[in-house]
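In structure tokens below, several structures.
Two complexes follow with subunit A in common, the first pairing it with subunit B and the second with subunit C.
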Partner chain A sequence: MRIYILRRLAEAVPTILMITLVVFVMMRSIPGDPVVALLGDAFTEEDAAKVRNEYGLDKPILVQYGLWLAKLAQGDWGTSILSGRPVLKDVLVRLPVTLELIVLSMAVALAIAIPAAIIGALRQNTWADYSATTIAMIGVSIPEFFAGVLLLLVFSVALHGTLPSSGWVYLPGTCPMLVCTGSVWANMMHVVMPAVALGIGRAALLTRLLRASMLEVIRTEYITTARAKGLAEKPVVLKHALKNALIPTVTVMGLQVGFLIGGAIVVEALFAMPGLGSFGIDAIIARDYQQVQGFALITAFAFVVINLIVDLTYSLLDPRIRYA
Partner chain B sequence: MNTLPNVDLPVVGELAGAALAAARSESPLAQALRRLRKSKTALFGGVIAVALVVVAIFADVLAPYSPTASDQRHTFEAPSRAYPLGTDQLGRDMLSRLIHGSRISLAVGVASVLLALFVGVPLGLVAGFYGGRLDAGIMRLMDLVLAFPIYLLAIILMVIFTPTAGLIGTIKVVGAIAIVRIPIYARLVRGSVLSIKEKEYIEACRALGVGDRSILFHHVLPNSLAPIIVTTTLGIATSIIVEATLSFLGLGTQPPTPSWGWDLKANVAFIHQNPWLALFPGLAIFVTVLGFNLFGDGLRDALDPRMK
Partner chain C sequence: MRHPVRNAATLIVIAMMLGGVTVAHAQKRGGTLRVAYGNEIAGLDFHVTAGYEMIWVATNVGCGLVSITPEGKFIPDAAESWQISPDGLLYTFKLRNNVVFHDGTKVDAAAVKFNIDRIMDPATRSSVRTFYEAVHSVEVLDARTVQIRLKHPYAFMLHMLAAYRMGLVLYSPAAIQKYSPEDRRAGKPEATISCGPFRLIEWVKGNQLVMDRFDKYFEPGLPYLDRVIIRTIKDPVTQMAAFKAGEVDFLADFSVDHVDTLRAQNPNAQIMTGKETTPMVAMMKVTVPADGKPMSKNRAPHPIFGDVRVRKALGCYGIDRKEIVKLAFKGQATPWLGIIPPGTQDTVDVTSLCPYDPAKAKALLAEAGYGPQKPLTLELLTNTEKAVFNVIATVIKEQVARIGVTANIRLVDKVSWLNTATQDGPFDMYVEDLASLLVVDQNAYLAASTAAWNSARHTDTKVDDYFARYAREMDSAKRKVIAKEFQEFSVENLYWNTISGSPFYQVAQPWMKGYTYQAEFKVIYRKVWLDR
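And now, the complex of A and B:
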């Protein structure tokens, strides 16, 4: 198992390198460079040349990429051109925020999808099934930012600020400042609307998928056998049917991570959260090359790790699947 | 001794012919259309989509005001008879902005999917049909695009293209979304080509000496159309969401061109004072996406009843 995980991670290295290289080349093909943003409008060509030299921007692109890789190998993610802070430090501060958002939104999605799909599959073509599938269809069609706006309208406007409409309170232990009031309760109050906004579309998608695979599984012979030998309905559904129906769902959840990372950019922008999404988009717009590279690297890495987790989950759900 | 039953051979021929004719009278396409007509949700989705196309085409006639004319005397007005959906911070009529905004959403949604289709389908056909190095080369490139989170790639592409207003700005958004979606078609088509090209009727074509091009376009492509049609309809819904998201992040078509995503973003800032301003553009996006999703879903059930 450990060897398998190590092998998978090693195999992922070329993919990660490829993604960072493409982002590197693409960012440098954008018209304009960060020097202008750094020095303002009034600067001499001499100043600009000095700054470009300082950040190595005057070298050929592939040489620059090689230098970035060489530094990366020593654990140096570079320094943000605009903020002057080490990129790795900022990534580590922002990662827990986005991770919390994504994990909770997945939890929201599953908490809605599993019961809805079970009801839909067991009571196929009844009003309960129709309402579950209709709500799922509506959920699939709501973009994250509109779901967020609807939540804002209800909890921040109509209910006069029951939940905070923007900002962030760090979990204890993840706070970047020296003086910090980390609080689990305040953190939850801040994360609940973004997590629901991001999770609701995934919930809808997973409901549709899980309902379809539940319908398939429930007609198989081993379910009939389980019922015939007198097993109660609850273990039949939860232990035998659900566990097997979850396998395709887990695959799709893994594929959805790309959307979740994109969705996080939008939701973080809407709720003014200090996560990786806003870190990435700010950097892309400001052409902060080093920061963009850091964002691309952590995103690509997250992709690989999550796909690995998905594959490992298969063996939990189906013991016949083993990795050696 | 095995003998034929004592019937007139012409009668047997007639019966078989009649049966064939009956079967032929309802082609798979006709069957699919019949199933589609029976689906109320698909019809509902179709009606929404058609209504939106009509609104977009006749926007100039339907909109009561100009979508960009500001009126400083009527800023932030609540919905009223004069302004059914209220006005924004520049005193622009929200209803007129939404009516004109439908043009961007629909144009980008449809055009980006068509562009992705016209590039992706031939790539998939060629990759699947010829295989070998060509296949490996094309598919590695597609995998590389797919390895990116789609929003990340679309955002970077939009920054490279630098967002602008008007037609040029719209074309840039179409291009960015199309590039992101090309691999979806390439993969889909390659997959069905791989299974179709092993079928006996393709072998029969080859034995008859039919050329590659004719086999590809007359036999392989028509048989892989169903998933392409479904993906296209559902793809329009996704593209409309991506367009709205880009606009929401400030990277879509730029003002003064009215766009739903941009309006939503601009008005979220005033959500506490004027909640309706953020609500209406969002509702417009939602209803449009719902329409295409319902229609695409019904289409899938109609074209492939096993998937229901």
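And now, the complex of A and C:
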């Protein structure tokens, strides 16, 4: 298992490097120059040339990329061109927020998808099945920002601040700032709306997928055998059918992480959360190249690691699967 | 009841005394003010970084020599008094004795000289350096007296020190020497040492900025607040939800589109607005580089707007400013034409010189050679920073279509716009609101032919002459005459095409007291207190 993990991580290195290279080249190919934004009213051609030289922006793109990689190898993620802040420090401050959002939104998705799929599969072509399928269709059709605004208007505005509309409270012991009070309860209150807004679309997708898998599995011979042996319906469904039906769903869950990161950009902006999504989008808009690279690197890495974890869970669901 | 008048007077005096006592005790000390900004703070070097959000921190962490009231009266800051020599060339400031920086070092004449010299040093790349063009030198007369010598009379020296790019901010020389420009830009608290009512505690970009009361602030008893926490909420819907839920006390900038909704949801909210000091423009490019190299000094007329007849056809008679204001601002702005926004000192309303007249616009276009045989097509650039820009661009597109002109809207992000508009990039017309202006002189760095921000790229030195004459004229009555003449000249040439003022809104909870609205110029929490 350990060798498998190391091999997978080693295989991920070229993928991550390729992603960072593509992002590096693309960012420098689109119109816009961070130096103009940096110098603002004080812009002169002479000053701009000096600043470009200071940040190495006057060098060929591949040379710039090489320099960035060389610094990265030494643990230096660079410094934001606009704010002057170390990129790694900002990434580490924001990463826990986005990770929590993604994990909880996936939990929301599963909490909705699993019961809905089971009901849909076991009572196929009944009102319960049609209801679950219809809700799934609606869920897939609602974009994150729309679900977020609806939740905001209901729970923060109409219900007079039942749930906080914006911002973030860290879990105890995780706060990266001087002025901050960590609280589990306040953290949950802050994350619930964003997680639901982000998770609802995934829930719908997973419901449809899991329902189809369940329908397939419950018609297999080993389920018939289990029932014939007199096993109660609950263990048949949860222990035998669901476990096997989950394998394709888990694969899709891993792939959905990319969509969740994309959705997090929208949700974090809407709920004014200090996560990686807003960090990335701000960096792209400002053409803060170093910050964009930091964002690309961490999201690519997160995607690879989460998919590795997903692959490793196969063996938990199906003991026949072995890693070598 | 024998002396009703006397009794009434006595009651009034008692009431006034009681009132006075009540007022004196009314300002509650302590508490945390929760502020939301609509945009992220770009950086925290007060002499270098651009953006209002940074400035609104600087006006609380920093102090300067003088400040200015909303009525335009100069008031002491670190300087307790000042004198201007009869020839207008020497400004002598006497500093207060009790002003210290947040690191405990004294604010003295040497510190003032250090700061102005730093701003004027090209190596600092200060965004306010251009305002100090008139300054010849700064001399320390004694520990508490500093003298600024000018090259020529400059009527707006005090305005400049008080409010240009929101005024001079004094840094602790010790902190400047100890820490790097990157440390200041990144907002390291130990590098961001000034002498304002609040000291910077931390800035975690994208998360929060925290300022605490500076106990040794030179004005006794101020500030009232213990702490100010600033965070960024970009989405106006989320801003409204946070405000309605009482999660924020103050929205430092609020979208004009949502004011009516917020008012309906929060009848007790303090919705503040005032004079429109920011111009909303539909800028037309006047020249292009003759050699094809952006920013080249070798200029040729712009193929469309190089012809003043076309500028006047579109900018003067072809645009219905009233309709734009009605549709884009729901009527909450002033249709305007002059180079100086409606709320700016010495402005003159010249809008009537350009009445909406499509027939006249068509005639001018025909005179310039455009018509059904040779239709005019142009590119209308705008950006995503504010939704209203795109609305205005769409209305202009519709209006110019009525005179046979096709405008293709190009919507880009703010940085792309900056690169195109300020770097002599290819565009025909753009829609934007530019800097907030206190006086005409302030516009020189946007509109003079030599200005980096002369995005129209006009080359008419008469504009520079007007700015120079206006700035050097010490007689206010004569300045008004120059301003009027300049406005009329501007209408004739349309190097600068204003559409309207750009309204600015701030919103406070009913319990936030003591705040004075000063548009984008100053956001100061020094006298703010919380009544709850």
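In the analysis below, the second predicted complex is superposed on the first by the 323 of 324 C-alpha atoms of A that agree within 3 Å, B and C clash if a C-alpha of one lies under 4 Å from a C-alpha of the other, contacts with A are read in each partner's own complex, and residues count from 1 in each chain.
In this section, a residue touches a chain if its C-beta (ideal position, glycine included) is under 8 Å from a C-beta of that chain, and two chains touch if they have at least 3 such contacts.
Predicted model, so just to flag it, every value in this text is computed and none were measured.
**Q** Here subunit A is shared; do subunit B and subunit C fit on it together or clash?
**A** Subunit B/subunit C on subunit A - steric clash.
**Q** Where does A:Pro319 make contact in the superposed view: on subunit B (first), on subunit C (second), on both, or on neither?
**A** Touch partners of A:Pro319: none, neither subunit B nor subunit C.
**Q** State whether A:Ala269 touches subunit B only (first), subunit C only (second), both chains, or neither.
**A** The answer is both, since A:Ala269 touches subunit B and subunit C.
**Q** Looking at A:Pro31, would you say it contacts subunit B, subunit C, both, or neither? Reply first, second, both or neither.
**A** both
**Q** Now for A:Ser156: first (subunit B), second (subunit C), both, or neither, which partner does it touch?
**A** It touches subunit B and subunit C both.
**Q** I'd like to know which partner A:Met18 touches here: subunit B for first, subunit C for second, both or neither.
**A** After superposition on chain A, A:Met18 lies in contact with subunit B alone.
**Q** One more residue to check, A:Gly280. First (subunit B), second (subunit C), both or neither?
**A** First partner only, subunit B.
**Q** Is A:Phe259 in contact with subunit B, with subunit C, with both, or with neither (first, second, both, neither)?
**A** So A:Phe259 only meets subunit B here.
**Q** Quick check for you: in the superposed arrangement, does A:Pro60 touch first (subunit B), second (subunit C), both or neither?
**A** After superposing on A, A:Pro60 lies clear of both subunit B and subunit C.
**Q** Output check: A:Glu45 vs subunit B and subunit C. Expected answer is one of first, second, both, neither. What do you get?
**A** It touches subunit C, and subunit B stays clear.
**Q** Could you list which residues of subunit A make contact with subunit B in one structure and with subunit C in the other?
**A** Residues 30-31, 149, 152-153, 156-157, 165, 269-270, 285, 287 of subunit A touch both subunit B and subunit C.
**Q** Quick check on the complex: what are the subunit B residues that touch subunit A?
**A** Going by the criterion above, the answer is residues 41, 144, 147-152, 155-157, 159-160, 162, 237, 241, 244-245, 248-249, 261, 264-265, 268, 271-272, 275, 278-279, 282-283, 285-286, 289-290, 293-294, 297.
**Q** Quick one: in the complex, what on subunit C touches subunit A?
**A** The touching residues are 36, 40, 42-43, 45, 48-51, 122, 125-130, 165, 181-187, 201-202, 204-208, 210, 227, 229, 231-235, 237-238, 240-242, 244-247, 265, 295, 412-416, 418-420, 422-423, 445, 452-453.
**Q** Help me check something: in the complex, which residues belonging to subunit A touch subunit C?
**A** Residues 30-34, 36-37, 39-45, 47, 51, 79-80, 82-86, 90, 93-94, 149, 152-153, 156-157, 160-161, 164-168, 176-179, 269-272, 274, 278-279, 282, 285-287.
**Q** Looking at the complex, which residues from subunit A come into contact with subunit B?
**A** Those in contact with subunit B are residues 15, 18-19, 22-23, 26-27, 29-31, 137-138, 140-146, 149-150, 152-153, 156-158, 165, 257-259, 261-263, 265-266, 269-270, 280-281, 284-285, 287, 296, 299-300, 303.
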